[in-house]
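By letter and in written order, the chains are A, B, C, D and E; residue numbering begins at 1 in each of them.
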């Protein structure tokens, strides 16, 4: 049976409503598909709309955001679901780990209860059983002395510990799709490795699909079979991770790779992408990256380059990539 | 950018019914209060006993009271008296109470213990008692009424702000400000107050209504403004026994008070939304 | 059978129930003639009638009063009432540590003798024509030597009703006294509840809902109208002794000038004051005397309402542009209302009056009554026939008129009632002419009670709720 | 040798834990930590989550007081200063917080937030000068002037962190404690910020205490590095040398765990640490016997259980707290 | 914990002592002589002196103060000068009315305000919010004694289903006594509910913007559950603050409503004692108020600790 893909996002646009009544488009014409067990990495400049994309999938966009397009989970249009319907999907079918460990937890509830809560709600566990399960989950995310820590409040934990609690909340119900929005930003490398291991495990053993947002290309390389590069709300490049990271076709991807921190023996500064991210209100004409791109030509400014698929499993938005493509 | 901001002010107002309605109401009331200083349809204290207890429109816009005075004129003059007392009292109470509250939240320790207990003591005195004390000490009149009302608002504001401020003090940006070398006072002014402004504004709006009503109680005891100066509160108190025979006497000041409270509350809501940057994107 | 219980509403709650140790009128309104009785009593017309003294003789020089007491009378606790008890009561009231609010009543008494158990002899230092009527007052009632100390909370008297209970702040309950000495009295009630309700609206609601059967002294004249349509309720407007008087500090300028006082009096239109302050229910007076007092003469025409003349008089007195002063008004409803009207009327003749609300009784007594630190005040004088206050020194009016004092002294010396009445008329005329205070009106007694209720006093020669004759009609 | 800018001496910080109704417990966040930071260097601190890095930062900023121990900053003991002296001193040390969301006042515009520390300057700059400095600083961290009038909630996490960095750098302090300052930043901005930091060090002699768990970042900018484990310093030395040739097994674990753009997919299976290691409570008592890293250590021997290793010099400029440092020296990296 | 309790008790004791001193001083400053008030206007100076002596008013201030607090310490509240009965009994009777009344009113106002405020915050700027806002503003704007009059008019006079006022006492049976308190409780509760609604709304609205509410939603909690389980609890600190203030207000300041319903409550006792200058009762009642306020604040402070674990740690 050629089942519908687990997640398919079609032509998603997200705009923010402005106080004066205007709209500021952020995410433009974004499409992606994810099969069960797939691991997709999303990288991109800060503010490029990665979090908005994940929130759109969760149906938790801020009130000021307006989304259009389609988001299908196993063929069901999530955007057509009401809140109760979405509640059945959230947590259970799609779990989410948030970027912000410090504010994402309820300060007035013990972490154990915050983990247990979803289980009580969806798995119909008793609180006692759910709390037991929460202790196990804390253990699984490598929190030492989980039984005692389950009774701690978020403010009593370090940032990393809180983030692991966030992960425990998200994996509690073994969702089919996990959206992890920079889940390891606040973690040290050993714990990061462990957490990535946990996520890897869930994907491998339970066929969980993973949408991992990170700007750490190392993490992406470690975790994801495929990678999507976003810039200013647009897909810039997509393909298998190894291909994207070793043979980037888009100048932005190349810029990113050059900016990966490494020791410079000569003491020279690290490579950066020149300029700053333009505000969404004043994106350049044509290609959104054109004003920072080293390889820019006049045609880049003429119109937004189309999304092309030069190879199977590889997509890119750059006229130079098209031009350089062998016929 | 600032230019663009300014241009859209009109648009932004249109999306804020609270602010518009509240602002308009308050402006209207203040306008009336100011006009009453130079003009009322009849002198508000002019009695025509022969024309007493006439229904609205039968004599004057809102009828006459038990001494034949023009209710509409009294309402106008009352607007000035009531609003000036209520606004000054709340301003005073809120200022002192908030100052106390934020200081308590900032200093804690012994100061907190002493200040909050002192607060308790003030609050323990029934308002009437403290009002009478004040009356005994400084005579009666507008000033006494203002201070008496403010006195019992101090603990209210102190408590509300102390609680809210303590929560703000627990946030990280306070740490950043301390790291920047800011003292307790500066942090309080620059960070704590703006972040608790919401709750203060809501309280101010609520307490304004209460202040008007309290002034009525004080006038009743002879601690408010001396007659014949009309205040809404006293009009309400005086009209109590006419509820059955001349309902408009109670209805008019009652409505005026309700409108004022409503107006200030709306304005408070609107201001709060306006001041809260996070609200800006919402409709 | 008709009902035999009564719920009677009152406004201020009495603070304590012994009328011989505290002043509030409410004490007498619960206990006088119901629980406690005097040697003599004052009846519903204001006449002195025998009570525990069945008769008396007054010596020709007026210095010896011999009372013949009722026999076989006992207090509710069984203690007998005899001349010893009577002497005890009077000594308690006039003795050294006495806190009787009317101690002056007994000042004239020199000695008290009890030749036998049923005879009481009072020897006076000076003649005193008021003594007999004073002995009828609540402050002069008879208490038992054993029970007197606790009478404040547990009143025990000789009256037709016994004290049962007092729920402070809410009610006092009385029950008929089966062993009442006066067999001529047929009580119509066996249980009486006094309920204390302060708010006029609440009073009205209680009456309309039937929670209270009677309010002999209803508080708000403007609400009387609302009972008119109610067939179940009867409204009765009677007389009281409550004279609303705007007293002036006669020792202070400009009130020390008679012309000024007269001008102010002429600036006042009493009818309008009554209309505005008390819904037209009340009677204008021209001096400190009510129409139900003996020897009353109408003095309202002495200084009739005449603003033009008032202004002329002021000019004559040296105030062509008027002057300014302050009136200290207590918070009882009649006072600020009347004051506001006076304020407007004075304004007509160019006099500016500032109203300063003054808490009653505490601050008023201190500032005005004791301190005489005031220009003008306004208060209702409750005591009947209290003309003598204008002769007292000190008294808050600071009024000094030897001619007036002479008249009063003559009254005291005279036993001939016709002569007395004539002298009272003279005294009234002097006050009306001199205007030591602005005489405004007598407060009416606004009675509202169940239409089937009979026997309550319509008038109030003395503040009271005498229940002896009260009964329900079928 | 010149005196170090910061001299941290036997710093210990205990947190009283336990709730209102629970039994009180003690968490030792810093355990007898001693280290020095030379002026004009970038000194990296790495270590696992919860090892006390932020606690150290707070104490250095005089926002918190140690249970025992002392910090000598620029020759003066930080905790002996009068409040006034401390206030003046604050311009010399600034901090960038780990949490870019909580550390910005939601009710203030960016320009105001960034200008905040300026008030400790002796000569108060004029409004215009202030503004100019703020704008320059914003440019320097890769934000544009238009954004100065916005509120923090209008920015993404990375953008907010740049605001926080701008705020820390505006007084041109001698020392900046950067607690996870770049972990929320995307690569190109991270590179910009790192360049900015190196430039500030080079051109203005600013000293950075650079706390991070990202070894690559430390490796890229730090001159010196200290590795912390459970409240203690377990290794220190020149950054390059430490990562190339770790002298403590924990440093080795760290280096191994670092993901890299050149390592695709799941790394070869490593022996999982024994369960006991993870169960060991972070709340540990007073320094007891044995090495804290013992349960996770591949080199653990009997001595490690009996005797807590102290920090000692093994090579010139390199210190470690491991009984087996020599063994590591010989083993292939 | 015990140390904490000890410290709190010590501070409590000192506070009460300070309060007692202040109260006593205030009583002395009040104009009006209790004896003069009791004896009315006809009393002679020696009568007055006699009464002053009987009441102990002629003693030095310090002696009277010490006698008073000495009595307090041994549970003897003294004897009312006007009623002539022990104050303890007087206060006890009044508390039996006022306490249940205040509790009912508070319960009622919570029952109205919490759902209304939360609903308002959850549907911010929607029609429900505007309606709830209007209702709460109406409650605030209309004075309680007015509501009382209206209620009495409708339920006692027109319908006759409730007593128009007065209090039969608990010995008259639980139900009649309770019935007498229902209308006054409503009259008291509505304005309080109005205030509470607004505080709840603004506080909940604030918390709803926090990230952890989003986390809760991401777990799959429906809006309502996220609202009640996560947002409301974190929004309760200001609500509880107001609640504490209201409770003490209800006990001490409900004179008007007690008047309208003719209830023998503490507020009226205080007012009566004040006008009669029954200083003994005054002192004791105000002392009781102070004690209640302090107790209430203690409870509010404790509830902060329950509600917000972050506040449990001593800061700095």
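FYI, a residue touches a chain if its C-beta (ideal position, glycine included) is under 8 Å from a C-beta of that chain, and two chains touch if they have at least 3 such contacts.
Everything numeric in this text was worked out from a predicted model, so none of it was measured.
Trainee: Please state, in steps, how far subunit D lies from subunit A along the shortest route of touching chains.
Mentor: The least step count works out to 1.
Trainee: Among the chains, which is located farthest from subunit A on the basis of C-alpha centroids?
Mentor: Most remote chain from subunit A, centroid-wise, comes out as C.
Trainee: Weigh B-D against C-E on C-beta contact pairs and write down the one with more.
Mentor: Between C-E and B-D, contacts are more numerous in C-E.
Trainee: Subunit C to subunit E: how many Å between their CA centres?
Mentor: Distance between chain centres, rounded to whole Å: 39 Å.
Trainee: Can you work out the whole-Å distance between the CA centroids of subunit B and subunit C?
Mentor: That gives a centre separation of 45 Å.
Trainee: For subunit C and subunit D, what's the span in angstrom between their mean Cα positions?
Mentor: Each chain's C-alpha centroid was found; their separation is 89 Å.
Trainee: Indicate the whole-number Å distance between the mean C-alpha point of subunit A and the mean C-alpha point of subunit B.
Mentor: Result: the chain centres lie 50 Å from each other.
Trainee: Quick one: which residues in subunit B touch 2 or more of the other chains?
Mentor: Where subunit B meets two or more other chains at a single residue, that happens at 132, 136, 172, 240, 243, 278, 280, 282-283.
Trainee: Among all residues of subunit C, which ones touch two or more of the remaining chains?
Mentor: Expected reply: 201, 359, 363.
Trainee: For subunit A, jot down the residues that touch at least 2 other chains.
Mentor: Residues 100, 102-103, 153, 156.
Trainee: Applying the document's contact rule, which stretches of subunit D touch subunit A when the two form their complex?
Mentor: 17, 19, 22, 46-51, 54, 98-99, 101-102, 142-144, 146-147, 155-159, 180, 183-192, 194-195, 198-199, 213-217, 219-221, 240, 253-254, 257-267, 278-283
Trainee: In their shared complex, at which residues does subunit B touch subunit D?
Mentor: 1-2, 171-173, 175-183, 186, 190-191, 194-195, 197, 275-278, 280
Trainee: Okay, in this complex, where on subunit E does subunit B touch?
Mentor: Touching subunit B: residues 11, 14-15, 18-19, 22-23, 26, 29-31, 124-125, 133, 137-138, 140-143, 146, 149, 194-195, 198-199, 202-203, 206, 209, 237-238, 241-242, 244-245, 248, 252-253, 255-256, 267, 270-271, 274, 282, 286, 289-294, 297, 300, 304, 308, 310-311, 315-316 of subunit E.
Trainee: Spell out the part of subunit A that touches subunit E in their complex, as residue ranges.
Mentor: Per the stated touch rule, the residues are 58, 60, 83-84, 87-92, 95-96, 98, 100, 103-109, 114, 117-118, 121-122, 153, 155-156, 166, 169-170, 172-173.
Trainee: Provide the residue numbers of subunit C that touch subunit E in the complex, in ascending order.
Mentor: Touch list, subunit C to subunit E: 13, 15-16, 22-24, 96-104, 152-153, 167-171, 195-199, 201-202, 205-206, 208-209, 211, 359, 361-363, 365-367, 369-370, 383.
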